[in-house]
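Chain naming follows the written order as A, B, C, D, E and F, and within any one chain the residues start at number 1.
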Amino acid sequence: VSAVVPGRLDPAVRAEVLAEALPYIRRFWGKVVVVKHGGHAIAPSTSGGGRPAREATLASFAEDVVLMSSVGMRPVVVHGGGPQIGELMTRLGKEPEFRNGLRVTDADTLDIARMVLVGKVNRDIVGAVNVHGPLAVGLSGEDAGLITASAHPDELGFVGEVKAVNPAILERLLAQDLIPVVATIGSDPSGQAYNINADTAAGAVAEVLGAEKLVYLTNVEGLRRRADDPSSLVHVTDGDELEAMMADGTLTEGMIPKAAACVRAVRAGVRQAHILDGRLPHALLLEIYTRAGVGTLVSP
Amino acid sequence: VSAVVPGRLDPAVRAEVLAEALPYIRRFWGKVVVVKHGGHAIAPSTSGGGRPAREATLASFAEDVVLMSSVGMRPVVVHGGGPQIGELMTRLGKEPEFRNGLRVTDADTLDIARMVLVGKVNRDIVGAVNVHGPLAVGLSGEDAGLITASAHPDELGFVGEVKAVNPAILERLLAQDLIPVVATIGSDPSGQAYNINADTAAGAVAEVLGAEKLVYLTNVEGLRRRADDPSSLVHVTDGDELEAMMADGTLTEGMIPKAAACVRAVRAGVRQAHILDGRLPHALLLEIYTRAGVGTLVSP
Amino acid sequence: VSAVVPGRLDPAVRAEVLAEALPYIRRFWGKVVVVKHGGHAIAPSTSGGGRPAREATLASFAEDVVLMSSVGMRPVVVHGGGPQIGELMTRLGKEPEFRNGLRVTDADTLDIARMVLVGKVNRDIVGAVNVHGPLAVGLSGEDAGLITASAHPDELGFVGEVKAVNPAILERLLAQDLIPVVATIGSDPSGQAYNINADTAAGAVAEVLGAEKLVYLTNVEGLRRRADDPSSLVHVTDGDELEAMMADGTLTEGMIPKAAACVRAVRAGVRQAHILDGRLPHALLLEIYTRAGVGTLVSP
Amino acid sequence: VSAVVPGRLDPAVRAEVLAEALPYIRRFWGKVVVVKHGGHAIAPSTSGGGRPAREATLASFAEDVVLMSSVGMRPVVVHGGGPQIGELMTRLGKEPEFRNGLRVTDADTLDIARMVLVGKVNRDIVGAVNVHGPLAVGLSGEDAGLITASAHPDELGFVGEVKAVNPAILERLLAQDLIPVVATIGSDPSGQAYNINADTAAGAVAEVLGAEKLVYLTNVEGLRRRADDPSSLVHVTDGDELEAMMADGTLTEGMIPKAAACVRAVRAGVRQAHILDGRLPHALLLEIYTRAGVGTLVSP
Amino acid sequence: VSAVVPGRLDPAVRAEVLAEALPYIRRFWGKVVVVKHGGHAIAPSTSGGGRPAREATLASFAEDVVLMSSVGMRPVVVHGGGPQIGELMTRLGKEPEFRNGLRVTDADTLDIARMVLVGKVNRDIVGAVNVHGPLAVGLSGEDAGLITASAHPDELGFVGEVKAVNPAILERLLAQDLIPVVATIGSDPSGQAYNINADTAAGAVAEVLGAEKLVYLTNVEGLRRRADDPSSLVHVTDGDELEAMMADGTLTEGMIPKAAACVRAVRAGVRQAHILDGRLPHALLLEIYTRAGVGTLVSP
Amino acid sequence: VSAVVPGRLDPAVRAEVLAEALPYIRRFWGKVVVVKHGGHAIAPSTSGGGRPAREATLASFAEDVVLMSSVGMRPVVVHGGGPQIGELMTRLGKEPEFRNGLRVTDADTLDIARMVLVGKVNRDIVGAVNVHGPLAVGLSGEDAGLITASAHPDELGFVGEVKAVNPAILERLLAQDLIPVVATIGSDPSGQAYNINADTAAGAVAEVLGAEKLVYLTNVEGLRRRADDPSSLVHVTDGDELEAMMADGTLTEGMIPKAAACVRAVRAGVRQAHILDGRLPHALLLEIYTRAGVGTLVSP
């Protein structure tokens, strides 16, 4: 980015970018966008990016969310935190156990997951946003009945499924121009907490809020028609095509919950779903306020 | 402009322009800007620009005003129309008479001026804006007591001075996201109409509205420290310097009412005044939503 | 009128007039009345009444409108201005051309018509009302999308028909106790202006506003059953009878657009339409606030 | 009145009465007027007017109050009922006892006075008004803390003086376009009721409400400069002159509490006080909505 | 009651009473309860309780109503006053005449009944409540069209039946946290007043207000399955059983209008009806805010 | 508690408790109460009470808070969690280091403290409340700029002091009848988090909210004049006496921050501060809704 010297840009270029962006700003004024922010998206464990890179990406993400909010959009951030949970378990000497790719969660593991998600990852995102002003409010799905959960059918302990989303607390915070940041812990009517898959939870929240957009920030550029071919990036698709891509194995494992949530969301009234590369600086701004966009757009 | 191909711009360039503009959009949300649009600015009589050029500039101006309104600013357009008045007088075989550079205005001339300003120039601007939607409402200073006038002391017939501005009708229209377009005819309590200098009227309207900005669109790039030296363009100045420039003859004749109105406005509470080149496409957007700006900025 | 000495009226007479009027005042509180004010009504070209008489009638009309507004009615004035357009065309040396009784309107004629209607007749009415306070606001049908027009089928150039009326700007002004005065220029979606028949436009405005009353001020006492017989004045009629009178030739030419607009309006929800003699002082007050009324009343 | 045939009145006469009245209607819109209605005013014991006359006058009074309310005034009726209290005491075989012109009131007499004022006179007025619609609400000064009273210093038993007026209940009813009718019983903080002079109470209510007008309906034409000379009727006066007339014995006994209340009220902010002949049909309308008025007007 | 020393109560007892009551307080917040208060309930003619006892009971009743209002319930008091009417008639030497258990009411008797109900009983209740603050407002069914009545079919003179209840005035007073106290006089459209059975009127008011509860305060403990057997007190019943009890003669005469009104009310949407012993101190609080309740509860 | 059988309580006892409590309920309606809930209060490390007792106390506390909220009070819960932080540090093999009785907090310890307070203790309280409905919302002082902190002067690492409290987010949640539960982590403008003493933070929150009450739930009965003498419990005191007790060593160490916060709060506008025994079931209800209260009350 350092090569760009905005002050010296041709005024005509600036004028065109502005004239292109302003109608989007108007169109999305007051509209809700749910952004799923995952541990992988900001800190890919396989890359060489260490702490500074991770923090730069988090700061860019936070700036985008604040800018969107400043021009009237109503962002809701939903996040997971798998890697960080693993880290603390390791420090505590606990051995993670997976079944069908899902973490088996006993009471102690749930306590750990909850402390990490609510007390650490959530706090880090809230903190990065609030550098720009008192805007973000961290929430757990347990607060004010936000996410009602029940045990997952696969008997994974305190791994839960979303039963219902009560958007009242989100709507109230949004009405006050605050930015909710949601850790995906749910609870059942007896008060028992459950750990919830964040991709699915983000979709459910977007549905219930009647969001204009549901955005997944990932560590890939978008969906590809051929996994190994960067030129096969899908720019625009729809629910039917996406379902087909899931069925025929085109999509790799990590993409499946995101793709499934996109399909479900656009069919349930969300206007557009996006899968973006969270490592690209200002990915959100570019996707939302330019005609070309970046990443994969899913329409109904 | 045709050389710019926005679709191919580097995403990083776009991202930076957006990230730079969004805070201005937020900052000016809900703020009033009074834009003086003069006959000269859109149709310079000395240039070779014919009707099509004039119309292109008017269309670009109208688009800027609509875009500003779409992202929450509250533009008020104030306009004159000297050249067009002259045209109709010529057609009717009347000889204009000037005294100290001001048009002497008998009852018939006033009728003509009013028909041209309210029934033609005002209509043209309203029409150009309303291509984008039912946004503009044409007003004369006579409507709802907007501009109370009295006869000019130089005995110029029905040339008047602003005595008072009652902003109620403007505030009501602005509150409904409409764009007032004001022809500068005023009236006295007995109902007698007067023709008012539009530069002065624009300043008075900006003062009374407590506008954030007062912008003069002219047919020059901005003020110059040396009339013949394009490199002496003044980017930023203040009331004191401007007063000195008027006193020592630096400013040419046509700039004096604008400069005087700028000085008065910033001293009366308007935050910033601008003198821009109305011939530059999207001059308003560039001045308001980029850090560098174009033209001359006057601060208190 | 000079023969009346109100101060000496028997108190019982006054008390009875008041006790009769007050229920009407209550009944029409907050109700919209659309008043069509035509050039003929205030300045009959065939009569010997010169400027002073014309002005006296305009002043009486303005006073009535202000009084009605002061006791809670919501008057909307709609006006034409045929004679005044003709005058300016003559001054400019243009020959009016009529086809089937409608003026053929080229671009230059439209410019002239618009200048006269919006920049002169409208201004004169606004000025006469605003002698009583900052109440009237002049509008053209182009403002805020008020009247959408399309070309008349008879290929008369820029003579238009009403396609749609968007009452938002009228409703907003009425809600603020202002008195809209509408010049009947409309525009199509591309921004092209058209000259519209004022009688028809007044009816369309009344329909869309759900007006309580639609009043035509004319230069006749009302409709007559036999054109030459003053004693055949129609006091009360309805849509069916009026249609019959149009069909059998009872009505003279100038009355037909008014009669047709009355029929259409009362069938579209306007409660009552009236055809009054605009030359009678305080004709509006007498028709609205007394039991007997003056002129012809059309009910559904 | 029967000699008046309004239907045949010259339209010019009607127009002038209306044009004269409408500005008053506008001016008094939303304004509070306190009307003291006394037993004497509607049922003069010395005249030969029997029940039917009394009822006609009550009906005319009720119609005026309803008409005033219908054009936006906010009338509050305050009433006494001396003669009617005397009647019931006589039926019950109780001997009225007066000291310095004031009725000595033991517990039983208070019970009787309260039953008559609240349970009979108040009901009769409410009933006469409500023939026109569900408008009037009867109140006693005991309701919602309206009139706080204390014992009269002359040791007259349960005769009280006004200590404070809490207008909240009146303001609430007026805000809902209801017409409060107040019987002048007050109570002290322990709940003990007192009979209050209605002339004084009406003045206190007008003061506290910041009324535009305080009107006493009496059985005289107005105040006279010489008691026996009908031509000496005082049309307009002020507080100082009225005080002088009380001091020098010009005013007869029954007028003194009214005159004193008028003086006090106009000095405490009530704009105008009136003493009218309640026997004149539509006396209220004539006083309020015509330039000449009837009766005596007291200004500050 | 003097044996209870609350200050010394075990904290655990207090805590349990509070924890039990609070949910009822929340549940009934903002809910309307219509309380029928009868002459018998406060002054049982058969008991030896004289004036002091009667006043103690009235004071306890008033305190309950004020406390209910203070924790958000919206009580409406409806009352009769048979015994007091009889007293005044006796003093005036009039012989009461009954037909089928209903008082035959000539014009003079109606005047007496109205004076007693509106001018005495109503005043006594309002006074007892207002010892606690300016809360109660006395109303007659004639005020603001509250109760429209028509003559009773049995030709009993001015004894009327409820034709319609217009709750507007009650709703307005309740919205302002005032306590309406209603004397059951109604009027017909011509303004003629009628005396109405208070038990029936209370039921009609509760229906129209959509009350949560309708409570009859009586001088019995509640309904009994066997008239002479105190142990047969009915704690809970419903409309069907109550109808059966009326049909088979289980209920004594005075209970029948109350029982019939309860049945009708719960079938018309009132959630619960109660018949309580008004002589029990704080009977209302105990019934409403404790689980056990006192008296007979009728549910749909 | 099991010995109490509320259903069998004498109605008179119930009536008196209710009649005593209702005025308090009214008085505290809409009032804010800040309740400091500490780890010690619910889980005294020195007692033998294990998990079940701790949970019973938490459940009783949660029920009280919900009941208070249900009758209109606006509770804000502020909590610490020292013992639980120690537990996790031990599990992670970290050695706590104290200086002048305050925990020295390095970056890792801060992370741990934040996870425990925000991700565990806060969650447990929120969960216990939300068994009764979606009422509680967990907050950290970092959310929406709630607590601005700076480093403690004693160089204890990330131990902070309260610099400012921005109550906006609390007021918004309270306005929606939600119950904020605040973990006392603050942040400075750069986004750095700090651990804050919860006693002090509770006082600062109460001050800024203008709370009616500030309540410390502790594991003692209240303050004692002589540490070893249970009969020396202080029922009522004020700021001056409390200051003296701190100065002369009467108060034991753990009580000092609470006592100091009480003194400061009542001097800064909080009406009453309380130190209660959190182990007593329904301690909050008893203190707030009974005349006698439990524990120590501090008034200004």
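List of remarks:
Throughout what follows, a residue touches a chain if its C-beta (ideal position, glycine included) is under 8 Å from a C-beta of that chain, and two chains touch if they have at least 3 such contacts.
What you are looking at is a predicted structure, and each value in this text was computed from that prediction instead of being measured.
Homomeric contact subunit A/subunit F: same residue numbering on both sides for over half of the interface positions.
Taking the mean of the C-alpha atoms as each chain's centre, subunit A and subunit D sit 73 Å apart. Averaging Cα coordinates per chain places subunit D and subunit E 36 Å apart. For this pair, subunit B with subunit D, the centres built from the Cα atoms lie 61 Å apart.
Centroids built from CA atoms put subunit D at 46 Å from subunit C. Judged by the touch criterion defined above, the protein chains form a single closed ring in which each chain touches exactly two others.
In the cyclic arrangement of chains, the order starting from subunit E and heading towards subunit F is E, F, A, B, C, D.
For subunit E in complex with subunit D, the residues that touch the partner chain are 88, 91-92, 111, 114-120, 122-123, 126-128, 130-131, 133-140, 142-146, 166, 168-169, 172, 176, 178, 185, 187, 190-191, 193. By the touch rule above, subunit D contacts subunit C in their complex via residues 1, 3-4, 6-7, 9-23, 25-26, 63, 67, 70-72, 280-282, 285-286, 289-292, 294.
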